[in-house]
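The same chain A turns up in both complexes below, where it pairs with chain B and then with chain C.
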Partner chain A sequence: MTALRTPPPPLPVRDKAVTRALSPMLTRLAEERATGVLLREHGTLYLAEGRVVHAESAFAPGLDVLLTAHGTLAGAAWQRAVADTPGPLQAAELLLDLGRLPAGALELCHLDALYDAGYFALAPSSSPGRFRYDNTPRLGPLPSVPVVALERETLRRRLLLHRLWPDPATDSAPLVRAEQRSASPVTPRQRAVLDRVDGVRTAAGIARNLGRQAFHTLVDVRRLAAAGHVVPAAQVFAHPAPPPPPPVTDPDIALLKRLRDALEAL
Partner chain B sequence: MPGIDECLLEAMRLPGARGAALVDWTSGLALGTVGDAPGGDHETTAAEAAELARMAAEHGAFTAGGRPDDRPALEDVIVSNRDSYHLLRFVDTSFDSSVFLHLWLGREEGNLALARIRLGEMAARLVLG
Partner chain C sequence: MANTETALKEALTSIEGATGVALVDYTSGMALGTMGGSKTFDLNVAAAGNTDVIRAKMRTMEMLGLKGDIEDVLITLSDQYHLIRLLKSRGGNGLFLYLVLDAARANLAMARHQLKRIEAELEV
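For the complex of A and B:
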């Protein structure tokens, strides 16, 4: 007897016919080849001439975590580079310049971190983003990504997660093991994630603990959820949800609500 | 020390090389591409190759014989068809990642054995310098 299991759905391919943008602001910044910093609720994009040179998000481990977690780079070496430079991107460039890491490894890790943080930075938010024109970001020796390419990849990644398991609750909630143990097999990479599910850590926390890209961890967690291994922790410890507002019939308020929804969709 | 683009351009110098890419097999994203892709679309090719690579990387039948230092045992996935070869070479990074080099090789001009050895060397140089 061989263990048969349903194969996961195929990886989505970007639909080139659809030019739906995540936000009109991004399209405009790309068109005018803007240079500056885009601050959004879940992360920050650094743009130079319409290309993303660096991205940061509290939900994604940065280049420093990816490089130091498994000993690719000593923590002290990163700290020294950061102390000598204005920011993490420049620290990475300094490491490249000093030859502390092979160029390919650093480029790869930089792109991994950029797409990873970019995914969260472009997540739907409750407030509109702000762009600050600023001449500091510049095209450097490390690869950059056109803002439109990051946007399309982010949409493709959302679709990938949705196809794996349509409930996004496991992306952000603390995770617990399912009470009824699932018999579905677990891959070695998923096993490492599952071993860190403790009722407190979220997917982002597990990613940081493993020194892994957060999006990769979201993929594993959604697969584990689909296979019945993990569930989001019951919201019993969270603050109780506020009571729903009374139904509104005033057209002005209805208009304001539509406006709010539209802003949130940006 | 070669970067991603230099590595892909070096792969293109192999006899019969039609196209090459560096692909993440978890997300299906092409982190770098050069040359042609079957059907003219690197993105679709990357997503499809990533499926194949992930299947091989995640199934015990293909990963048995793991090394004692806990590094992955899997090296290549090779697909041959009447017209060409597809060579997927897993890149063993010291940091956590899931990437492979994908080389598309014309069957008439290509030398699979040579390409396999060279691609392995390129994958190592990419991340080890």
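For the complex of A and C:
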């Protein structure tokens, strides 16, 4: 007698590709070595031949802020360069050609700004991104970054924040000082952040005020939150209720869910 | 007025016994540039891990109330030296140079001196 074997039905699994690639569209654009501008909800990536040459986000201070805030470059010199060129990247290249900026300092500020804005640009978004094919972005003298490197770094940064303090509320909400003063020590860098917590500014606002990278400020703020120095201000807007789960039809899954609910109720 | 790549290349070629070098941002733990290393020695992983070393030392100094700055940190393994040099950059972004040396070939005093010079040339 031969036993007739029917393969078990496949178990429902989450699509792993969703968690692996931050933006499938970006991966595809990198593969086809596209040149143009990718607009996403929280930021913009400029691609040249499939590599990221520049990134901008409303949440991250731009190259101009990073260059001028700590005296690497005089603000007036930057203003003059911007007036003569179409964009911040070209302005930086002009200053480099004129010998107003050391190459090393500019490269590092450029990479800082790129990864910083890229982190926000690749943040989960509620609307799909749009890509505009455009020949303006090009590979210039400043270093460009492969898409995979930016995605890897963005994921690493998310994990780092999660490890420091798992509640993301302090990333975007206005911050207030905790009522009960925590006794744990604060580093000078964190002190500067703490001094600017006023109930109005968000982490991004503090970063711009200090001329520091926004992600670095998120790190400081999460550490301050973990140590009990700051808390997010009470949300003014109520969160929209999560959508109801889709109705379950599969009897096996329904049984498993009832079982889970029963176990949780114990 | 070297750019980062030249500075890293110089560190790797001019410092006797150097097998890897990285320029690391110690808030995010990201290597802004690496050179050398091998399949078994991932400089990006080393960069991220060593930011914790710097942080721990800074926190300790803070708790002790020491006002000085860290110039460099030396870690001695049985067959390697790891040298971490903090950059005093105008940008103030908190960077360090991370140098891996083969203990059998390296001259530690010389390496330290040369790393200091490369830092000055990077002018960040």
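Note that the second predicted complex is superposed on the first by the 216 of 266 C-alpha atoms of A that agree within 3 Å, B and C clash if a C-alpha of one lies under 4 Å from a C-alpha of the other, contacts with A are read in each partner's own complex, and residues count from 1 in each chain.
The rule is simple: a contact is a pair of C-beta atoms (placed from the backbone, for glycine too) under 8 Å apart; a residue touches a chain by one contact, two chains touch by 3 or more.
Not measured: the values here are computed from a predicted model.
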Touching partner for A:Pro10 - first (chain B), second (chain C), both, neither: first
Residue contacts on chain A - larger count, chain B or chain C: B
First (chain B), second (chain C), both or neither touched by A:Arg196: neither
Which of chain B and chain C A:Arg80 touches, first, second, both or neither: neither
Which superposed partner A:Arg158 touches (first chain B, second chain C, both, neither): neither
Which superposed partner A:Arg177 touches (first chain B, second chain C, both, neither): neither
Contact residues of chain A, present in both the chain B and the chain C interface: 66, 70-72, 102-105, 107-109, 111-112, 115, 153, 156-157, 160, 187, 189, 212-213, 215-216, 219
Sites on chain A touched by chain C in the complex: 66, 70-72, 102-105, 107-109, 111-112, 115, 153, 156-157, 160, 185, 187, 189, 212-213, 215-216, 219-220
Interfacial residue positions of chain A with respect to chain B in the complex: 7, 10-14, 66-67, 69-72, 99, 101-105, 107-109, 111-112, 115, 143, 153, 156-157, 160, 187-189, 210-213, 215-216, 219
Contacting residues of chain C [partner chain A, same complex]: 1-4, 7, 23, 25, 27-30, 32, 48, 58-59, 62-63, 89-95, 122-124
Residues on chain B engaged by chain A in the complex (per definition of touch): 1-4, 7, 22, 24, 26-29, 31-32, 43-44, 47-48, 50-51, 55, 58, 63, 91, 93-99, 125-129
